[in-house]
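There are two complexes below, and they share chain A, which is joined by chain B in the first and by chain C in the second.
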Partner chain A sequence: MKLSRLTPRQLLEIDACTRCGECLRYCPVYIEREEEAINPRGKIRAIKRFIRSQFGIWAKLFGPKKLSEDQLKKFSEMVYRCTLCGECGMVCPVSIRSKDLWIGLREVLVELGYYPKEFDTLKKNVLTEHNISGLDNEGRIEWLEAMGDLPEHRYQKEKAEVIYFVGCVASYFPMVHKIPQGMVNIMRRAQVDFALLGGAEWCCGFPLIGAGMRKEAEEMMAHNLEEVRKKGAHTAIFTCPSCFHTWKEEYHSEINLFHFTQFLLNLIQEGKISFKEEKLKVTYHDPCDLGRASGIYDPPRAILRAMPGVELVEMKDHGPYCRCCGGGGNLEMIDPELSAALAREKIKQIQETGAEMVVTSCQQCIRTIMTTARRMKIPIKALNLTELVLKHMK
Partner chain B sequence: MEIEGYQFPDDLYYHKEHFWAKVDGHSVTVGTTDFAQKLAGEIVYVELPSVGRSVEQDKPCGSMESGKWVGRIYAPLSGKVESINEALEDSPELINQSPYDKGWMFKMTPSKLEEELGKLMKVGDLEGFIKSEMERIKKK
Partner chain C sequence: MDKHTLFYAMFIPSMILFLLGMGFRISLYLQGTVKGAEQATSWQKLWVLLRRGWRGFWKRPIWYLQITITDVLFHRKLYGQSFYRWLAHSFIVFGFVATFIVDMIKGLTTGYLVEWSHCLPFLSFAHAFETGAIRPFLDFFLEFFSFLILVGCVMALIRRFIFRPPQLKTEEEDITSLCFILFLELSGFFIEGYRIAHPEVVTKRVYMANFTPPSANNWLSFGGYSISLFLKGVTINPDFLWYFHVVPSLLFFIYIPHSKLLHIFTSSATVIGDRTREKEKQPY
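Then we have the complex of A and B:
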């Protein structure tokens, strides 16, 4: 086993795990399955064992033990059955940045060829079509067609101050087309000078990074950055928390990056958006890549507070402790049952609040929650904050 | 008729993107095939073309998604959409349960019926096509 994909810090972190088990109280996968092998502590224990068998004192004396196919397969299952929600790292008493570690381990496994075969399709789609769906990339803005009263440039102007980076899921999956449609409508009513990249927008690279294929994501990142620069934009905004987080952490650009919740809050504070009064009781779900990964908890809540008549009731686990909906880490692709089981737990917490709807700021959370609710015939309503803002705008 | 375990009613016309058209006088009903619904898995959302919209043969006019898959809805014929199956909004799984009956997608008035029907397949043309599609998918 090669460890070149892991940083010296990560190797130290593996050694630093005291097996205290604090992470077990928060890992949604462990809470659901109760299997030691797939919890954060179990994963670190397994990698420690591998490292010892390859580089420990006995390996030095008698040579490294060859890892069996079965061992590697099992280890791969452990590492990929995770939503990358990051809650384990947040509560770790010795500050192990576990989410980065899980991604590093996935990179090791990809190098060894032990990763879920579903990721080959993902890789092929992203590298050939430049989006996760595998559909023609020129069709990225088909959701625009359903909107009336479009200007001639269809928001694909040559130059603009702001680029709205839509992301693959909201571009292609019809259940969440209302998110980009809502965002465009809000911006045109608030008179924001913005443009879409259309077919020139490529996958941000996040699904590949999450799969352990960081190298393949580099081409995507270089292309997107170049396209935004060509438009002369100083700002890029995102409705997808994962695209936003990836741009922030991986793109290293001079462009100002805003998640839409930050951007809309600015517009509200500048008086460009105001709301009519409407009584509504909502709860808010913090998407993992927006909350724990990017530290954005208050802007969406401040927007809800700015809406007269809207009452926010928090879920039992919220803010930094918000339980993942099950839609992260590409888990839906490899273990849809586990992903749905996590969504059921989320739905339970939503229902306990007595709110009329759950509001969130992520398209994938909406898909995961609503798909499970529909399958189970649970009558709950999940809305993206863009839709609620548009509905309540004066 | 059954081909490789998939049902294909005899009285329909079939489009190469796995949609069917049922011609009834001046009205055409459109839906997706048993083959496509099984391949897609449980459909969880459908976006149908709006009523009054003109659609063009072979061009996408909507989309549908299952848990991990998304695909376009292609118009098997050109014409104007007259009505949509509103039941699919709350119960998209009807496409899986009853692809040729309760899971119909939209009804349209065709504009070039005679000319375009010739480009569609009848059930007798399907056997080789479905086998080649299965091979193509296996290779993917």
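Then we have the complex of A and C:
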């Protein structure tokens, strides 16, 4: 076991945790499973034990203990059963950046070879086909086919001021194709000069980073950045909060990055988008990577407030405390039942508001919520903000 | 061997063990990878981090000072989460910091400056700390801040063993740390009470801390004074009492780097690091 996968700060954080348990009340996975080892405190205690057995004073004097395979397997199971929602870090009294720490621990586990084997498929798909689904990457813009009135360039122009980075989920999952379609329609109507990367768009790298395979993600990042630069764009916009967050935190580029909620709000403020009145009661779900990770809570709410007739009712847990829908951290791949259980809790909160629909700004949240709702035959409506904006646009 | 020499004979090795413990922890942290210095040795990494910290600090020193006060010393985040926890923790932290400061002032002035003032007359102001106007304040505040630690410790024990919030899990380390603090405080008050009840102990200079002459206002040391009322007829070997308080105090010091108490340093670093990151983050 090497500690080089972690940063000095993360190693210090492991010691800074007082195991006070403040995070337990907020960890959606722990609330569901009630297993001590699965909560943030349990994970920190376990890694502390491993570190002590390998690098502690006794280990220095008498040699490190051999790590037990069972313990490592169990630890891996716990570390990967996490949505990386980051709520634990947000409430931590000593400000441990737990989301980064969990990803760091995943990197340690990948190095040791203790990670869910489903991630090998993910890695293969991303590295060979450059998307998470393993389908031909040229098919990234098949969702365009369903749109009428396409210009000849099909938005894959040589040069453009703005690049719309669609992301894998919205490109390959028909359930959420309406999101990029909606976004393209809005930009078209607002006369934004934009382009798509099409087959040149690769996975942003987030699924690999989240799986603990950061090194493998570097190739994706370098490629995407190069492609955006080739188009001469000064701005990139994202409908996927995870792509947006990854670009913001990992790409270190000169490109102006906007989540679509910020971008649309600007268009509204510039008068390029206006709305017709329609009575509607909605609630808003803050995606983890947009809210807690990126600190964007107001723009989507400001857009909803700008729509005449739309009434926003907040869920019990909203804003920084918004409960994860269960769709993050690749959890769905390794424990779909747990992911669905978290979605059920989310649906309960949505229903408690009495809203006609839940609006969100993430394709993965829509997928997770709607898949569970359909499976459980719960009559609930989830809409991405792009769809709602398009529907209400004059 | 007099108490002064004896104390330093124990204190210096304890200090060395404490520093070795801290050094051991830091060497562990330096096994991590520093961004931008991936191939560096541990010493190089330490240098890089210290340099970054130093430069960062001088970019906005006032802000760092402010954060240290509000977020590290006064635990702003904890205040927003639980007033009870915040109060208990603040009593302990503030009590320790303030006791340390007052104790240092008292020790420096009455233990050294007064002696030196015989050769260096400009140090004669130190007499005010020994027998003059400042002495009652020193006595009172030393007692008061120690009392705060005791109250904080009792509050923490009540929360842990009586209120028992569901998320709380008591580990051996928690019990050890709390017992240590509780013992040090109680033994401190007891020893103070014994000193007040038996002025001959001071005259014979049994306690190092009481090279200072007896105070005319012993009642200001309210905790020790209250205990002294019960100790007038009790005789205990004062040397034993001295060891009874000093040895565990030094052991406590050595224990810090190997226990949860290490969070005194580590969590201060994580909080400052986190606020810096928030501050330096590009606006979204």
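In the analysis below, the second predicted complex is superposed on the first by the 394 of 394 C-alpha atoms of A that agree within 3 Å, B and C clash if a C-alpha of one lies under 4 Å from a C-alpha of the other, contacts with A are read in each partner's own complex, and residues count from 1 in each chain.
As a working rule, a residue touches a chain if its C-beta (ideal position, glycine included) is under 8 Å from a C-beta of that chain, and two chains touch if they have at least 3 such contacts.
Source: prediction; values computed, not measured.
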(message) In this superposition, which partner touches a larger number of chain A residues, chain B or chain C?
(response) C
(request) Tell me which partner A:M333 touches in the superposition: chain B (first), chain C (second), both or neither. (result) first
(request) Give one of first, second, both or neither to describe whether A:G139 is in contact with chain B, with chain C, with both, or with none. (result) first
(request) Would you check which partner chain A:K159 touches, where first means chain B only, second means chain C only, and both and neither mean what they say? (result) neither
(message) For A:R49, using the defined touch cut-off, is the partner it touches chain B, chain C, both, or neither? Pick first, second, both or neither.
(response) neither
(request) Have a look at where A:K230 lands relative to chain B and chain C in the superposition and call it first, second, both or neither. (result) neither
(request) Give one of first, second, both or neither to describe whether A:L12 is in contact with chain B, with chain C, with both, or with none. (result) second
(request) Examine A:T121 and indicate which partner it touches, taking first as chain B and second as chain C; both and neither are also allowed. (result) first
(request) Under the contact definition given at the top, report the residues of chain A touching chain B in one complex and chain C in the other. (result) none
(message) Under the definition above, what is the set of chain C residues touching chain A in their complex?
(response) 24-25, 28-35, 45, 49, 75, 77-78, 81, 85, 165, 167-169, 171, 258, 260, 262-263, 266-267, 269-271, 273-275, 277, 282, 284
(message) Which residues of chain A touch chain B once you look at their complex with the stated criterion?
(response) 121, 133, 135, 139, 142, 146, 172-175, 177, 332-333, 336, 370-371, 374-375
(request) Name, in rising order, each residue of chain A that touches chain C in their complex. (result) 2-13, 15-22, 24-25, 36, 41, 51, 55, 57, 91, 93-97, 248, 259, 262, 294-296
(request) Report the residues of chain B in contact with chain A in the complex, numbered from low to high. (result) 42, 44-47, 50, 60, 62-65, 67-68, 70-72, 92, 140
